[in-house]
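One structure below.
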Amino acid sequence: MFRTAVAMAKKDLRLEWRARVLLNQVLPFVFVVIVLFAFGFDAKVEILTQVTPGLFWVTTFFGLELAITRAMAIEGENQAQVGLVMMGVNPRGIFLGKVVAIVLEILVLEVVLSAGIAVLFNSPLHDVALLAASALLADVGVATVGIVLAGVTEGLGGSLLPLLLFPVVSPVLLCATKVWQYGLDQTPAKAIPWSELLIGFSLIYLVVGILVYGVVLEG
Amino acid sequence: MTESPNGRLVVRLRGATVMLDRFPALARCDFDAYESEVVFVQGPNGSGKTTLLRLLGGLVEAMSGSVLVFGRDPKAEARAIRREVSYLAHSYQMYEDLSGRENLEFFAVAAGCDLDDAIEWAQRLGLATRDLDARFRVLSAGQRKKISAAIALSRRTELLLIDEPHALLDQATKAILDLGFTEAARAGKTVIVASHELDRISALATRRYRMSNGFATLVESP
Amino acid sequence: MNPYVEAGYTAVTCSLGAYAIFLGVRSRQVKLRLAQLRANQVPHSGLVEDA
Amino acid sequence: MSTNAKLKRGVGVAALVTIALTFWLGLVVTPPAEVMGNLVRMLYIHPPMAWIAYLAYGITTAASLLYLWKRTRRREWDLIAAASAEAGVFFTGLTILTGSIWGRPAWGVWWTWDALLTATAVLFLLYLGYLALRQVPMSETKRGVRSAIAALVAFIDVPIVHESVYWWKTLHQTPSVLNPSMNVEVHGSMAWTLLLGFVAFTLAYVWMVWTRFETSRRQAQLADLEVENAIRERLSAEEVRI
């Protein structure tokens, strides 16, 4: 399972490095969103600083959704996924590999995004370790649910994935935003229950994904 | 599994019906294949050849009738069966932005098969090292097909499902491929090939089916 | 009576009624269609009876 | 009429009668409450509908699991899951609507982001997605497997959503009946009316799911008949060709 997962993740990251779809399309898109927020809130720094956590996470969620869609598109090209299935490749390995690749890609995006927000919205980052840890957990949570649901909606039109995914991961948005809020306010102790919930969410769906992904591939 | 003059029965279909949406791609189809056989399935487009192969690989499900591959139901025991089945499909099933070699490497690790065998097959089919190291995206249709064929032929499986192998390939490669099928059958494997090319079929086949309208008719048997 | 309470009860009654009628009509339509098709059907391989 | 059909009709009639009775008790017989006045009458319909919504999603999940497990996989489980989810969305919608109508006079707003309201709204969206997935045309097994997984993913989310929004904001009345301290504010005829409300809406739910299930099973049988015709058509086309 882990050998397959590593091969899968390496393959996805290599493909991303060569095609640079996320780098060339998603990253600029994320900055478009930042600019839109600035316009929408009349570039009032006090407001923008206040809404930084929410802004960061809403933007990241859109980025995650695009990354998940891209991860599935890779397998759809030339029907590579049928090849994987027909060779009896371990579905758990496929699942874990996809999750790892998406999380790593999104972490890069988050670093750039948070730096951009810190500079453009004049919103200094505190408790970076806490912010990073919660980002990692939230990304794992969204990626696991996202890969499963992307399999469920595969070939059924692009608008179905966000419709199914976003309500399911809404608690992640809530928790991650709260953790960031407390992190930025320098009151990290308050973030503990929210972080626990993030851990719970990610673990539960990681297990669910590992258990059901074989069935998803067969469907 | 039944013994017969032809050897062990590997594939047995009785009255299998496969619906693709509302369309019966296979309609009460009977089909047999034995050990050490090269079975050719001929028939016009849309007669159900591809669906037959997909059914044997457990990619589609029979709505009625019985399907046995190695005496087991390929849909219910898909993963067990697929370790014994290679499938060379119409689609290339490769990643565009990896080179041919990287594709082979990836599938070798993921599917647990031998990389050297796969590269040997690719070379035997006439792929130069330069082509192997070029991105899949820039290769010609024939070259792409060779890479897909290399992985399918190098897997150590007992049943080979081959869909339209001759399309896109040049004469020399077709001959090598056919030789590969004969070798596989001699080694005790079962090769089921769907193809239009009747001349090639007659030369190699130990058993021939003609498909039309989702039904297979046995044309000749040894 | 409180107007909010009236509005609430009315909304619930109407919704329940509408959904029940929808289900009833749909059920009748499909039932008729099936009976019709079965009447025209030559009995065959037992496929339908299996279902 | 078969026993089944009679039984179903019985459930339907019982639902109709008990709902009418609940409404009569709730609107006419029971007295207005001390603090809330006539507004208390919303209590007889709002919590029962919320309870039905949860019951419905529970049934959807159970049926989905039975479908996913290969040994118990039957078309019927998939259809029950779908029928129950539809009833669930229907009752969730009504729960939100009646909650909103309650909220206006009680809190002065139609909507507030309090814990239970928010959780219910997310629940509504979760299963709306499930129903949307089912609407997409695909083969029967494909739809069955995929929607069962979606139902599973959604259901696991329910407690997590609750937990998170509960911490987020809490303004809602502690649920009157499930209140752990049980210093029940509900007395006598009011309690009976509320209890009857639960029974009435449960009966209505059973009737809905039953009817929906039967209809979709008949639709599936219709599709089977068409399959039979299509096969015959395809096989007879062969004679023409050769």
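Observations
By written order: A, B, C and D. Residues from 1 in each chain.
Rule of thumb we're sticking to: a residue touches a chain if its C-beta (ideal position, glycine included) is under 8 Å from a C-beta of that chain, and two chains touch if they have at least 3 such contacts.
The shown structure was predicted, so the numbers you read here are calculated from the model rather than taken from an experiment.
When chain centres are set by their Cα atoms, the one at the greatest distance from chain D is B.
For the pairs B-D and C-D, the count of C-beta pairs in contact is higher at C-D. One finds 47 Å separating the Cα centroids of chain B and chain C. Between the CA-based centres of chain C and chain D the separation comes to 16 Å, rounded to the whole angstrom. Rounded to whole angstrom, the centroid-to-centroid distance between chain A and chain D, based on C-alpha atoms, equals 32 Å. With touch defined as above, residues shared between interfaces to two or more other chains in chain C number as follows: 47. Among the residues of chain D, those touching two or more other chains are numbered 141, 227.
Those residues of chain A in touch with two or more other chains are numbered 218. Interface of chain B with chain D (complex): residues 17, 19-24, 27-28, 61, 63, 76, 212-215. Within the complex, the chain B residues that touch chain A are 57, 59, 78-79, 82-83, 85-87, 89, 91-98, 102, 106-107, 109-111, 113, 135, 151, 155.
Across the complex, chain A meets chain D through its residues 145, 148-149, 151-153, 156-157, 160, 163-164, 167-168, 170-171, 174-175, 178, 193-194, 197, 200-201, 204-205, 208, 212, 215-216, 218-219. Contact residues of chain C toward chain D in the complex are 1-2, 4-5, 7-9, 11-13, 15-16, 19-20, 23-24, 26-27, 30-31, 33-34, 37-38, 41, 44-45, 47-48, 51. Interface residues of chain D, counted against chain B in their complex, comprise 70, 137, 139, 141, 223, 226-227, 230-231, 234-235, 237-238, 241-242.
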